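Multiple structures are listed underneath, in structure tokens.
Look at the two complexes coming up: subunit A is in both, with subunit B in one and subunit C in the other.
Here is the complex of A and B:
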């Protein structure tokens, strides 16, 4: 299986969820291959999965984008990415996106039985993510609230 | 959260540390996580799925991580936290999770783990799960290590 076929269910779920929940349109999207090091824009949500596919999903954006996204979700204004609502909004969004993607994959490929871990969120300066021997692919999506990046790595994925 | 689940991870960490030659490691504290801020710039996440669902995060400072990596590689000095110590720390986290999961299995819970992801950065805010997180602290001559356990 190519790396893109791991990524595409997540890309699809991301654009669907952004559109349906937040009315955000993707103005342009490009995919990129990454090595085992992934540099975050400042706010990153990690969701792991096991079963027929073993790996993890990242939802990554800048702190400003995370704050705006939380405002769109809740209708409140926030001034810091450290606000619990901002963190929770990011976690929930990544949870919904990966949930939709995994449901799609499990439905189209019966027997994989992939299951998700709860989301964890990290925000800060100069954040980089590292996986041993897991190469990954990203999709960069341009939106009116900033660049939203997703990244998927699957063990044994080529 | 059940204490026998916490103990599975505590003994997992102690077993693996001893295996790697970190012999003077001691448990120094247990706390509930009250704040989103973390002073530790190295965090390694491993997800748990199965009878238990959640995340376990090994959390430490870069200097401690370098000391441990050096110990794991037979004393070769490690000054920079580059790919080599990062791999070593991921491997250690993987061993701890594997060891803990086999402890859990003996206690009657079947759990599968995700591959480790290492997060490295400054002035970090972290939320490991939307549920309560228990932090168990350890100290060794290499520095202090915390294991954050969050189970749904």
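Here is the complex of A and C:
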């Protein structure tokens, strides 16, 4: 399984969901391979997947971007990344992005039957995540509210 | 006001989703059109327990939820009331899940992210049928 084959559906879903739910356009995007260490910009949502593929999806951004994203989604103003609505907005966006991506993958490869786990959210300075036995790939997306980084890791991915 | 019947009474909705943001967005889409959210549940088990205490015209049901998922909850609600109208509202909508949903009697499917007009149209259509 190539990195493109598992990163592309998530990149496409991220672009579509940000446009449809928040009216955010992706101004530029680049892909990058990751080593064992993933350093967060300050706010990261993790969604796991099981079934035909085992792995996980990260939606990562700065705290400021997370706050702006929540404001765009709910129409309310927030001043802290610790606000429950900010945390839940990030979780819901990551859930929808990964749900849409996995739907496309399941439909294009019948029998995979990949399912998602509920999202987990981590916020704070200096958060590092280690990839244990997982190969991962990232896409960095430039938007008018900051850089959004997605990272997809699949067991056995190359 | 699409959420009102000819006699002026509001169409009653039960929203089942583990995400409070998602429930907020359902309210935001429906309440301006006169629909009333008569009950909210954060997982399938809560939904099945709450369901007999309210009279909902339509249940919107997420799929991936903790404790009990939306497909099992829909089956349990259909066992209580086979005529209950249920719309699956989920980011996961692959062919296998849709087939499973239909086999459990779920009336329609709406993919997240949804537009207000889309979910309103589906609610009106399943009530007309």
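A few notes on this one:
In the analysis below, the second predicted complex is superposed on the first by the 158 of 158 C-alpha atoms of A that agree within 3 Å, B and C clash if a C-alpha of one lies under 4 Å from a C-alpha of the other, contacts with A are read in each partner's own complex, and residues count from 1 in each chain.
The definition used in the following text is that a contact is a pair of C-beta atoms (placed from the backbone, for glycine too) under 8 Å apart; a residue touches a chain by one contact, two chains touch by 3 or more.
Small disclaimer: the values here were computed from a predicted structure and weren't measured.
Touch criterion met: A:91 reaches subunit B and subunit C at once.
Among subunit B and subunit C, the chain that touches a larger number of residues in subunit A is B. Once the two complexes are laid over each other on the shared chain, residue contacts for A:116 go to subunit B and to subunit C alike. Look at A:82: by the touch rule set out above, it reaches subunit B but stays clear of subunit C.
Residue contacts after overlaying the shared chain place A:141 against neither subunit B nor subunit C. Of the two partner chains placed around the shared chain by superposition, subunit B is the only one that A:46 touches, whereas subunit C remains out of contact. Contacts of A:107 after superposition on the shared chain: subunit C is touched, whereas subunit B is not.
Within the superposed three-chain model, A:129 lies in touch with subunit B and out of touch with subunit C [touch as defined at top]. In the overlay built on the shared chain, the residue A:150 is in contact with neither subunit B nor subunit C. In the superposition on the C-alpha atoms of chain A, the part of subunit A touched by subunit B in one complex and by subunit C in the other spans residues 84, 88, 91, 115-116, 118. Against subunit A, in their complex, subunit B makes its touches with residues 36-37, 43, 45-50, 53-55, 57, 83, 86-87, 90-91, 94, 112-131, 150, 152. Put simply, subunit C touches subunit A in their complex at residues 18-22, 24-25, 28, 64-66, 90-96, 111-113, 115. Residues 36-37, 40, 44, 46-51, 54-56, 81-82, 84, 87-88, 91, 115-132, 134, 153, 155 of subunit A touch subunit B in their complex. Against subunit C, in their complex, subunit A makes its touches with residues 17, 20-21, 73-75, 84-85, 88-89, 91-92, 95-100, 102-103, 106-107, 110, 113, 115-116, 118.
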